[in-house]
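Below is one structure, written out as structure tokens; comments come after it.
Per-chain numbering from 1; labels A, B, C and D assigned in written order.
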Amino acid sequence: MDVGFLGLGAMGRPMALNLIKAGHRVRVWNRSRATADALIANGATAAATPHDAFGAEAAISMLADDAATRSVILDSGVLNAAPSGLVHVNMATISVACSRALADAHRERGIAYVAAPVFGRPDAAAAASLHIVAAGPVAAIDRVQPLFDVLGQKTWRVGDDAPRANVMKIAGNFLIACAIEAMSESAALAHAHGLAPRDLFEMLTSTLFASPIYKNYSALIVDQRFEPAGFALRLGLKDTRLALAAGEDVQVPLPFGSVLRDNFLDAIAHGDAERDWTAVAKVALRRAGRGASG
Amino acid sequence: MDVGFLGLGAMGRPMALNLIKAGHRVRVWNRSRATADALIANGATAAATPHDAFGAEAAISMLADDAATRSVILDSGVLNAAPSGLVHVNMATISVACSRALADAHRERGIAYVAAPVFGRPDAAAAASLHIVAAGPVAAIDRVQPLFDVLGQKTWRVGDDAPRANVMKIAGNFLIACAIEAMSESAALAHAHGLAPRDLFEMLTSTLFASPIYKNYSALIVDQRFEPAGFALRLGLKDTRLALAAGEDVQVPLPFGSVLRDNFLDAIAHGDAERDWTAVAKVALRRAGRGASG
Amino acid sequence: MDVGFLGLGAMGRPMALNLIKAGHRVRVWNRSRATADALIANGATAAATPHDAFGAEAAISMLADDAATRSVILDSGVLNAAPSGLVHVNMATISVACSRALADAHRERGIAYVAAPVFGRPDAAAAASLHIVAAGPVAAIDRVQPLFDVLGQKTWRVGDDAPRANVMKIAGNFLIACAIEAMSESAALAHAHGLAPRDLFEMLTSTLFASPIYKNYSALIVDQRFEPAGFALRLGLKDTRLALAAGEDVQVPLPFGSVLRDNFLDAIAHGDAERDWTAVAKVALRRAGRGASG
Amino acid sequence: MDVGFLGLGAMGRPMALNLIKAGHRVRVWNRSRATADALIANGATAAATPHDAFGAEAAISMLADDAATRSVILDSGVLNAAPSGLVHVNMATISVACSRALADAHRERGIAYVAAPVFGRPDAAAAASLHIVAAGPVAAIDRVQPLFDVLGQKTWRVGDDAPRANVMKIAGNFLIACAIEAMSESAALAHAHGLAPRDLFEMLTSTLFASPIYKNYSALIVDQRFEPAGFALRLGLKDTRLALAAGEDVQVPLPFGSVLRDNFLDAIAHGDAERDWTAVAKVALRRAGRGASG
């Protein structure tokens, strides 16, 4: 399939490469051209502009955030010139409001829009083991399903209203952040009482909480292994903001989200913006007067 | 082994019965005698007083809370008359401070004290599949290990300072309560955006959150199936209080715990004290103005 | 003085009128022309465009929010054509970040910018009893001080960095919102214990809390007199957002602000967006299961 | 009048002294006799036991907390031997539940019980400028009103159900603690944006917040003058606990109270238990990464 790919960051690069390897004709566009060159060396074609990238059967965008997405997709006018048969798949984590604005703009111009954010880090993107959550018109998703099959291990369809896929991604990341904070508070409580957090989590993640999130993240917290960052803490704050904003859109208070926001800010104020988001565990320890050892 | 068993509530009854079935000689005591009779019919001996129950090789207490434990074990004077070889195992969920007071009182009188709270509901107690967290003098735990082997599927030893086992139980329940609240807020957010909570949790509990707690509790939340209560919400508030109190003991703020406390109170104020503690999910929906459908 | 006045809402109208009455030559601009006509009937001149309003010795903007301010002042290009001697005074409540953007844009174009938000409601604007908080270059403030003397009872100067005045306005409104929430929780606590909130506040606002905010707002809470709105609750949420955003700009967690945000959302979800912001008191009562009587 | 006075702490001493100066015959009891001696030197009589102190026309108790009050008044049996005409006035800050237990115990024994907690610090006690909040049977309050007239500047009667006076005291202190936290967060926000907290509060406490609490406490926060403590921070935590407990009694969530609790714990974990409770302002600064300068 002819595929335009916009946004070659830590996630976008391995995803685009997997498409190339699977035999698709991929034209890549990135704000800084240098990043694109590596992919071009691997068989991609250069798209000089976002318009070029959108001149395909499918266009996949994986841009950094709302601002980049609005700028490249909405403000640039690419939708005005896009071929009518194009399916645009936005796989980045953006706000529900931004996804709604995209859905509206595509509908006005008669272009198919699919929201398909992913769960998984860059290593999962490289291994094509992402979980893809897709929403949008069934026919459009059907057309790009072969691409999803290349990129991920499973596609979870959640209806034809595209922004719902973004709600699911945001709710999922919110649930992860809550688990991290809950483990952080538990670990501080245990530590202060002389119980090794390692003992606490060894038992719990073997039984009630025997899931990847609890196993993996509790290990990072126990070992205070916050570098290199699997997911930077400042992105954790960004995603918490997305959850709070999604709540505001529909008047849903999220008191756990409010605590997360305060604690991520506290962590960033103490220099941990680029550390792994599990470094928020230092906040609970520090507030308990046990920061030095933590 | 000659075993005294004090406290024949929903947990104590099946536990005592399992000891009897395994061939131990069990003398039972309960505040209301009627409850003891069923066990006596099954082979237990009646202990007329707590003192009688303590006249054994091991005494297991499974009383309702701090107040009952203090009254029956500390204020009654049973420790003064207990045989010097006795090992007292308290398996109830009590505060760290109360466990500390028990540890001190036993030490003064030269009696072995083991704290061994359990994870598992009455059905797990009946099936002898409890997880037992034990702390106390190694020799004492060794002596009662055969009893633990009858009562549970695994014993997790966390050192010789008994109250640490209580810290672990309290931290574990705190972690569960946090998971429930996080799911509740996520479900309210999804619902308000038109995403079925069922879809949200089907994906997440198959992947990142594939653990018993998330699978079982999300199902209750999705189905709004809060009766019969597996664990009553008022006990959830009680356990949250234990976590907050344990935090106060050592100056550990628990902001998630504070949110839990407020929300459990909100739930109780709306008549849900005796429903399952997942009924706290109604709070998030109600605050979002979606209480009628919830 | 020749004054351009942009934004004739509930605050802007009486302010512009006071300038006219004091003999200044006022050219008014408003997004909807109809609103301007009443002032023109009172002696104002019509400014056909924002550019016209900026062709004066001073321009005062009192637009609804960040979006309106950015659109009319920054995106429109008025600053490019403004006379070099102009002093632009923005008196609206906007974000610190927006005020910073304005300060930067003015500096680039060599135009004086003064931030001068006000404390006081429309009746205080009409009575010229506003408190004005001004920051910006001293010379520029000196030039518009005669206008401030007409509009308010006192000008509080807080330095030459304009956005600081916005910080002060935002912090002041935050402090008011906190006082409202604190009174709301206290009133719910008293009510539930059979103590009349009226008795509680009569004593406290005669003694420790003998200040306008506590006296006036506690009366509204006691009487549940939430209409007509002195200040609409949805604006209370907007201002809380400004405080939280100002905190995020510089990594300052505001846990009270987080509670306010959640509770204002709860109130709006229950239909109180247009009621007075003291209607947040209904949230505390409702959560305590006493909403019917409240 | 013959008056027994129990509890000669920082508040009790000057209060008892004022009664003596006004000509009342005061018999004093204190757990440590040494403290009583100074008052005896000033004209008081020694009460050897609480029973002796209760053998009067009126007994005033001003003991440290719930535990001391329960121990001296309830567990000691003084009520059994008290003369039937006695009016017992408890002026200490105790929990609503403890006051309720006292009310019940007095009723059973036919002894009049008045709860009359006070607002004011030791200097106000010495100056007899306390505000006294009294609840209990009207006839009983009438009889001790002459004592109140000696001890305070005004008595605020809030009905015949004694514990309501305690609710009012607890709600009042809660309102003060909320004001301190709100000022702390505002000051941190201002400071981080380069606005001097002094400027912020000079304006606000001259206008909207022109009340003793805001004027006095903001000055302490601005000057970081936390010693000597006017009211120790650990007592602030104790009173916050009383508010939270009063909320739990009647299912009233107090989210601001939850934040206060967490922040007071944070402050105590950092060594500020004995500093003035305004030292909680250091928490907001420290969390914002600005602790060194604070």
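Keep in mind that, in the parts below, contacts are C-beta pairs under 8 Å (C-beta built on N, C-alpha and C of every residue); 3 or more make two chains touch, one makes a residue touch a chain.
Note that the structure is predicted; figures quoted are calculated from it, not measured.
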Comparison of A-C and A-D by number of C-beta pairs in contact, larger one: A-C
Centroid-based (C-alpha) most distant chain relative to subunit D: A
Inter-chain centre distance, subunit A versus subunit C - centres from mean C-alpha coordinates, in Å: 37
Subunit A and subunit D: spacing of chain centres that average the CA atoms, whole Å: 52
Junction residues of subunit A - those touching two or more other chains: 247, 251-255, 259, 262-263, 265-266, 269, 287-289
Subunit C - residues contacting subunit A, complex: 244, 247-248, 251-255, 258-259, 261-263, 265-266, 268-269
Subunit D residues within the subunit C interface of the complex: 96, 119, 131, 133, 156, 158-159, 161, 163-164, 167-168, 170-172, 174-176, 178-179, 181-183, 185-186, 188-190, 192-196, 199-200, 202-204, 207-214, 243, 246-247, 249-257, 259, 262-263, 284, 287-289
Touching residues (chain side subunit B, partner subunit C) in the complex: 255, 262, 265-266, 269-271, 287-290
